[in-house]
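Let me begin by presenting the structure, written as structure tokens, before commenting on it.
Note that the chains take the letters A, B, C and D in the order they are written out, and that residue 1 is the start of every chain.
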Amino acid sequence: MIDKSVASPAEAVAGVKDGAVVLVAGFGTVGIADDLLEALHEQGATNLTIVHNNAGNGDTGLARLINSGRVAKVICSYPRSGDYSAFLNAYRAKTLELELVPQGIISERMHAHAAGLGGFFSPVTAHTKLAEGKETREIDGVLYVFEKPLKGDIALLRAKKADRWGNLVYDQSARNFNPIMAMAADLSVVQVNEMVELGSLDPEAVVTPSIFIDRVVVVGAKA
Amino acid sequence: MIDKSVASPAEAVAGVKDGAVVLVAGFGTVGIADDLLEALHEQGATNLTIVHNNAGNGDTGLARLINSGRVAKVICSYPRSGDYSAFLNAYRAKTLELELVPQGIISERMHAHAAGLGGFFSPVTAHTKLAEGKETREIDGVLYVFEKPLKGDIALLRAKKADRWGNLVYDQSARNFNPIMAMAADLSVVQVNEMVELGSLDPEAVVTPSIFIDRVVVVGAKA
Amino acid sequence: MTSSDKTATYKPLNRDQMAWRAAQDLQEGAYVNLGIGMPTRAASYVPDGREVIFHSENGILGLGPKPEPGTEDENLIDAGKNYTTLIKGGVFMHHADAFLMIRGKHLDVSLLGAFEVSEAGDLANWTTEDPSFPPGVGGAMDLAVGAKEIRVIMDHTDKGGKPRILKTCRLPLTAPGCVKRIYTNLAVIDVTEQGLFVREMVEGMTLEQLQALTEPKLQLANNWQSLTPPAMAA
Amino acid sequence: MTSSDKTATYKPLNRDQMAWRAAQDLQEGAYVNLGIGMPTRAASYVPDGREVIFHSENGILGLGPKPEPGTEDENLIDAGKNYTTLIKGGVFMHHADAFLMIRGKHLDVSLLGAFEVSEAGDLANWTTEDPSFPPGVGGAMDLAVGAKEIRVIMDHTDKGGKPRILKTCRLPLTAPGCVKRIYTNLAVIDVTEQGLFVREMVEGMTLEQLQALTEPKLQLANNWQSLTPPAMAA
């Protein structure tokens, strides 16, 4: 019987290697796998590349990983959100590299990897600083920039409910990057509020089909 | 008050011009907008390019358009399905052009247009006859073929339920190409079994958000 | 008063009045993305009875007003990371689909904040190039190329009174040639291939006065009007 | 009997036995796409108690068995356009997502029919180049490049007894170098960088006999076994 559930966040993030690319879903504090990020801190992998919309807040989760010197690079669209002092300090100390990518291009680059594509041409960033050094091409009179697929070794996800296969549904705007990151990593692990019986999720309304999910840990809802 | 409903299939397809690219959703006889296709026949536009997975059956819908000499080109993955004599006759008489595209590439080319992209590199068809004359590129040791976005002037869609904004849900495998084609046409029109109150569709389970839909006509379920 | 009276006095709009003015142009049935900050305020000023559907880059179509205190839902926030609501007919989607809507010209209007706009409609709104802070782009570049129409809402001048509508942007571009209409605290200006046309100016202002606060040449539209929003607390 | 006995007699598998054999290799928890035709039959022969999740290109993950007569649902069909069912845990998706699963190496196994396979694992299964009929590719090329492992199920020879496992495919390729395992009515053969290895042959068959029906050189795997499916009505 297929059962992707694991007993703890620690088990969920077991095996992450030094130098791994970690996709961290969430937007602000919503839809972010807090428990998995803490478990990753315990787990010890270092020299990580983090893909996330922002760059961590306070001294928990991603910020804590940065403060502990475990993050070599952040690929994000907007580091300056909330109390991002952890990122700012490391950025100023040049112990951390920033790859700034427009928010929709982060998503689409992960979608491209998920879909097995070799890259795509996007109109975003054309004629701007962010396109410097990148291949461009004029297509039907519009300038496009070549974007490469973006892939994770592991994705840290948060959902509302899962079944034992790993089918997922989310809660409102906590969906955000989760479904895309689920598709774009070699190993996709999710913390959920609740595990439900196989067959109890509406087959028309499952957002992340089980094929994209490897491990599920139940942590309950936010306190 | 936004109300995208129209009174008849004829009204739904009004304005299609000669030479239009028509996206026709459906897979086999499932999820195909039979009434809209018949209305398009009545409407009279000719020299059409049809994008569809197959190439019509019998003498209804797409096949009827072909038999009436209204189709100049078919972009499809698999014309040889069911009684495709309408297509076969026109193909043999060379009155109709065929662009054969792998099924997943038809979908992804429409997705690329929907997403505002200029094209993408795909591994499908590399080293095959279907890549002849196309740009190829080796990326990380794999050969990819450049695929252009594919856009419709109109999409003919079928869904289970709509609300007055045009939010849609489908019935099982009748979903197929409908959500993708809805996103990839300038004018997206849908025939639905049922119109429901705004707010009665689950916001987590709407498959096609209203932004992609222009006209809705209620035709009821299949007889 | 005529448009050439150099001694005329006028009162700039406050931020709510600016948001009100931008909101008046949002048509029934329009799908609209409101940028973080002042653009978001426009949602409150859509005329009663007009259905406008607001999109949020974090996966919401059908954004509603701020929740009543005590009814906030921790999983329902807008692009500015403030609590929000969903109206009837609203739906959720994932980030790639939210940006497909943006990039693929599905939105009718994208209303953005800006640092600078050029007479060619070039937009600069993503970085001031302050070397002590990391750059952040967010969804700004996606929004600037994707919608059917890009409009900007911003103060006419910077804090020092210098023009922010320029011949050429000094700050790095977000996207070239994208802006079609500019709402400021002084005027409504259209960016056209024939140059900048003033559609509206605040009551009492002259074209000369507005021109003095604007770098490129302004032309007064034939059917220009007075910009007269209702009184609002600043 | 030894593998070099030239006079040995053997009985080819029938189609259900071939499907049975392919099904034995589908592991618990595997996500599998079954091509139209014979591959689809494999679904019926997954060992009891083993959960294998079948994918259909038209937007189904979790395909079940054929519906009981009278319970068919007109909106629930498989890639072969036959009525099907959904098992518990199954879900629906749109075409682009169905093919994202295929193309993006999310499926563990794609089991395909074939006209020809080369010793390099080249696959030809989409056109016989009959000039009187239009070509059709369907999802064949997507399926041939996407899954983690591509396996083929086909008769060992054509109707005239000529090999279909060839040094070089004569028909146009679906994809080069993709096939890893071939199930025929005579044998199970692995395609490796060291050449073709026979893992199993039907009871009574010799390598010489199999080689005579196969164009490229076959090698017998060290741990080769007899291919002995249960008796099944053809």
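Note that a contact is a pair of C-beta atoms (placed from the backbone, for glycine too) under 8 Å apart; a residue touches a chain by one contact, two chains touch by 3 or more.
Predicted, not measured: the structure shown is a model, and the values here were computed from it.
Colleague: What is the graph distance from chain A to chain B, where chains are linked when they touch?
Modeller: The least step count works out to 1.
Colleague: What are the mutual neighbours of chain B and chain D in this structure?
Modeller: A
Colleague: Would you kindly say which chain has the C-alpha centre located farthest from the C-alpha centre of chain B?
Modeller: C
Colleague: A-C versus A-D: which interface comes out with more C-beta contact pairs?
Modeller: Contact tally favours A-C.
Colleague: Using mean CA coordinates as chain centres, what's the chain C-chain D distance in Å?
Modeller: Centre separation, chain C to chain D: 58 Å.
Colleague: Please tell me the distance, in whole Å, between the geometric centres of chain A and chain C computed from their C-alpha atoms.
Modeller: Centre-to-centre distance between chain A and chain C: 31 Å.
Colleague: Distance between chain B and chain C based on Cα centroids, please, to the nearest Å.
Modeller: 36
Colleague: Which chain D residues sit where two or more other chains touch them?
Modeller: 86, 92-93, 96, 99-100, 103, 145-146, in rising order.
Colleague: Chain B: which residues touch two or more other chains?
Modeller: Residues 108, 111, 115-117, 122-123, 170, 172, 203-204, 207 of chain B each touch two or more of the other chains.
Colleague: According to the definition of touch, which chains form touching pairs?
Modeller: A-B, A-C, A-D, B-C, B-D
Colleague: Can you list the residues on chain A that touch chain C in the complex?
Modeller: 27-31, 55, 77-82, 87-88, 91-92, 98, 100-105, 107-108, 110-111, 122-130, 170-180, 207, 222
Colleague: Okay, in this complex, where on chain B does chain A touch?
Modeller: The touching residues are 108, 112, 115-123, 137, 139-140, 142, 144, 169-170, 172, 202-205, 207.
Colleague: Residues of chain A touching chain D in their complex?
Modeller: Listed in rising order, the residues are 1-2, 111, 113-117, 163-165, 167, 183, 198-199, 201, 203-204, 206, 209-212.
Colleague: Using the touch definition from the top, list the residues of chain C that touch chain B in their complex.
Modeller: Going by the criterion above, the answer is residues 28-29, 31, 51, 53, 55, 61-62, 86, 88-93, 96-97, 99-101, 103-107, 145-146.
Colleague: Please output the residues of chain D touching chain B within their complex, sorted ascending.
Modeller: Within the complex, chain D touches chain B at residues 56-60, 73-77, 81, 86, 92-96, 98-100, 102-103, 132-142, 145-146, 172-176.
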